[in-house]
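The two complexes that follow have subunit A in common; it is paired with subunit B in the first and with subunit C in the second.
And now, the complex of A and B:
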């Protein structure tokens, strides 16, 4: 029993990272209908930037994270303005090609700016708590709490603020939103800014829990899209549940079956869910 | 008429200046290109890049001392390096490029077994000599390829010594967590287990991870529930460092043994010194400040000054290959006859410039399989650094005979 609880706890931390990646992807997809493949590379950029600011520029870690989040917001706005806006209204294939090109550009930028070396964000959080035989590493606890706080903030923002209402309005009916006076030019900028900021947070978490290296962006975005599909396209609660399900399934598969099959088992579970609910766990039929 | 005179004068001038100019250029400097195929980027670059650096450093040492001397000529070494990413296909392409386009006859590097094995599969048919560094897969030298030598001993040679050591320390239930999909790590564990069984111990779990995995908490949680006496970790430095870190995070308080060959700096990029405290590394007696000879200390110092970071413990395998090559070429008296140079390599005693402490078989650095042997050692992480604790029993001659018997 303790092992089961421990494995679930192990899965929640990585599940939290998946949720943050998927939240960014789902807001962009839900509102703009864009499969933003560069999201993983942008997360990697955020993690590397945080490490650079903390180690090379000497900023305290929290300040480095805050600065990276701010840069991430600006980067997201720039991506929307310069890359996706020019192809808005064109065929979907145009945005698809832009997304692929952008992925390569951001990957290249990461290599140029931060090199090919693996980066680990050392946090100094090395205490271990034990409750009833279950150990909770301090770092994982903070990652779970930070992910929960970001999810709650995002939910509150979307549900309770005027900008959030405007975002939902654009997502549901763009023409009606225009008639109601919503600034539909500004909404995509805000959405991309928030999405990229969440991606930066995910990158910081990956960098502190594990490591950031070339190729990790690809891994993140694949997991993010898996969560997106599992939870339901465009659904914020779906991204939360889907991320947690994927993270915990992977941990249980690696712990009780074999780490070699963890991705296989996680994706098999995903396929099984989709066979029963093609719209995803929280998607609308 | 005038044109004919001009041409004749030019031909005469050429006939006079040609030989003089040629001999003066030859006396001044001849160049011998040596090639490097190694993982300069990607996950395996923690081993490949330090090897490539060590090769360049050794080449410069040789050049500074007057180069490779053959029949009154001195050859300055010119190193051409290609990135094989530790990948078999990339390594094949890199070596083909070195041989076919760069016209290189001596190829060094090879930190990864997959890449080295791929090249070893065709090198016997080439007019070239392959000098393998860090790659530890047994099969690379088991075939006795005449134009291939390797400085690092095979993984099972070390695994057996490690198993005997852990058994001697009284551990009866050892859990293994390793990159067991990689052949030489599985070889290490097999040999380890055999010797552990002889001492009355057993391996109670064999959990694996991928070389790109960084979250090993599920496997560690499973192992923790089995209450082992000790944990054996075999894999690249970075995943191993994550395992050591995560084992502490999961509250596992058992002796941890490993086979990684990572430097202090490489481990400290991932784990804190406190999380590493007490970890053993059971591996060939490679370059550490505690185990090094005067030559090793000088190599450590020069490398650190040159590259701004200390060498990884396994990088001198490649360094020593360059010096062995120099002596073999000089003994063979030719740079062109690669077969003669390959034969000379197998007759060579360990050169005085060698950093690793080789155990010669019948007085020779490389045995008839083309394999060199070092002693194995037990290193322990104490207070932020690897401390050489003791030598592990290693019978190079017996292993050499065993290796030859596999053909």
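And now, the complex of A and C:
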């Protein structure tokens, strides 16, 4: 029983990371219909940059994270403007190929700037709480809390602010949004900026919980998309539930079945959900 | 009209490639040419689902892996002759694709890409971790070449193997052409343009999509099998995500939907990274940038640009 609770808790931490990745992907997909495959590599870039700023430039960790998030926002805006905007009108395959090209470029950039070595973000948070036999590393708790705070603020932003309203309007009906005076040229820039910032946060979490190594970006974005499919495309509650389901499934699979096959089990769950509910757990039929 | 220069180019390329061993001395280029021909088979399959039906599938290299391991393991465990296992490989792969395609084709459009990507990862995980069967990352060595030392042809000779891959690539290109111009090909292109309409006039679109997916897998299975017997060594690494992306690139860079497209694209994805070797660490960045620029400025691929130029030059002459 204690083992079960322990694994679920582990799953929630990694699930939080997945939710952050998926939130960025799902808003981009909802608004622009783009499968932004470079998202994982960009997150990895954010994690590496944070580590670089904290270690080599000597910034305090929180300042380094904030700076990386700001760089992430600018990078997201640049990606939309330079890479995706020129293929806006074309078939969705073209946008996807651009996404693949971007992935290669960002991966190459990461290798150039940060090298092949794996990167660990040292947080200095090493205390371990113990409640009723369940051990909770401090770091994991903070990751869960930070993820929850980011998810909550993202939800508030989309639901309560005027810009958020405009984003939802464009997602629902682009033409009607234009007629209502929404600036449809600016919305994609904001969406890309915010989702890349969230991706950077996810990268920082991966870097502090595990390690960032070449190839991890791919792994991250695939998990993000799996969450999207699980939860339902373009749905924020879907991304949250899907991320948690995926994280917990993986942790349970790793704890009770086999850690080599945990990804396989997670994908099997995804495909099983797809068979029963093709629109995802929270998607509209 | 648009296809005539393509036929000419294809015929010229086939003759050129057959004579290739006589023209070039460097064994290395012959090696690359064989690889590119193998990739042509896989890319022709990819073109059926991606170019014609308009569904991006990211599992082509994974299916090549199933074909490669299929032929190897059938040969190892059942002592079947090489030609037979090579012939069986595409069918084995097609069976896997049939099982995988049914649930994944329930999702439309972009999500399909991600589901197939998950398949590729699953195949990769199984190939890497089921060590008792696949020997894991270390891979399997000593895969026999077809024909054997006392057969009619000695396929250990690269020039001979080049001919074999050329014949196979030609045959599979022909098969892809037959499928493309048949009613099935027509329906697939209709699905690309308007899937709802296809459904509305009473055509079961999912059957056609499934056919395209399974056929693409069979092409990949054959390509994988040829690859295994050519290299005599396989490990999971060459059947990963990056290679599946190469198959997609081959189709889009060559020109999706056109018959010569995958062929040109396959040579592009095999040779360009080699030429970019001088750029070393910047290779990935240049490759990615080239891809983005190509998609923005020539979305119909090399074949599209060539046929535009051809049309313009004809107009100029008249």
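In the analysis below, the second predicted complex is superposed on the first by the 285 of 285 C-alpha atoms of A that agree within 3 Å, B and C clash if a C-alpha of one lies under 4 Å from a C-alpha of the other, contacts with A are read in each partner's own complex, and residues count from 1 in each chain.
Basically, contacts are C-beta pairs under 8 Å (C-beta built on N, C-alpha and C of every residue); 3 or more make two chains touch, one makes a residue touch a chain.
Computed from a predicted model, the values in this text were never measured in an experiment.
Chemist: Put the two structures on top of each other at subunit A: do subunit B and subunit C fit, or clash?
Modeler: Taken together on subunit A, subunit C would fit alongside subunit B, as the superposition shows.
Chemist: One more residue to check, A:213. First (subunit B), second (subunit C), both or neither?
Modeler: first
Chemist: Given the touch rule stated above, what does A:282 touch, subunit B (first), subunit C (second), both, or neither?
Modeler: neither
Chemist: After the fit on chain A, how big is the angle at subunit A between subunit B and subunit C, using C-alpha centres and going to the nearest 10 degrees?
Modeler: It is 70 degrees after superposition, to the nearest 10.
Chemist: So, A:200: does it touch subunit B (first), subunit C (second), both, or neither?
Modeler: So A:200 meets neither subunit B nor subunit C here.
Chemist: Kindly classify A:83 by the partners it touches after superposition: subunit B alone (first), subunit C alone (second), both, or neither?
Modeler: Once the two structures are laid over each other on A, A:83 reaches subunit C alone.
Chemist: Report for A:97: first if it touches subunit B alone, second if subunit C alone, otherwise both or neither.
Modeler: After superposition on chain A, A:97 lies in contact with subunit C alone.
Chemist: Quick check on the superposed pair: does A:260 touch subunit B, subunit C, both, or neither? Answer first, second, both or neither.
Modeler: Both subunit B and subunit C are touched by A:260.
Chemist: Can you work out, in whole Å, how close the C-alpha atoms of subunit B and subunit C get once everything is superposed?
Modeler: When the complexes share the chain A frame, the smallest subunit B-subunit C C-alpha distance is 5 Å.
Chemist: So which positions on subunit A get touched by both subunit B and subunit C?
Modeler: The answer is residues 260 of subunit A.
Chemist: Write out the stretch or stretches of subunit A touching subunit B in their complex.
Modeler: 2-3, 6-7, 10-11, 14, 116, 118, 120, 122, 124, 126, 128, 130, 135, 137, 139-140, 209-211, 213-215, 250-256, 258-260, 262
Chemist: Inside the complex, what are the residues of subunit A that reach subunit C?
Modeler: Interface residues on subunit A, with respect to subunit C: 29, 33, 35, 83, 86-87, 90-94, 96-98, 100-109, 111-112, 218, 222, 225-226, 228-229, 233, 260-261, 263-264, 267, 270-271, 274-275, 278.
Chemist: Residues of subunit B touching subunit A in their complex?
Modeler: 41-43, 45, 181, 207-210, 212-219, 221-222, 224-225, 238, 242, 246, 248-251, 269-270, 272, 274-275
Chemist: Under the touch definition given earlier, write down the residues of subunit C that touch subunit A in their complex.
Modeler: Going by the criterion above, the answer is residues 50, 54, 56, 103-104, 106-107, 109-111, 113-115, 117-118, 121-122, 125-126, 129, 241, 245, 248-249, 252, 256, 281-285, 287-292, 295-296, 299.
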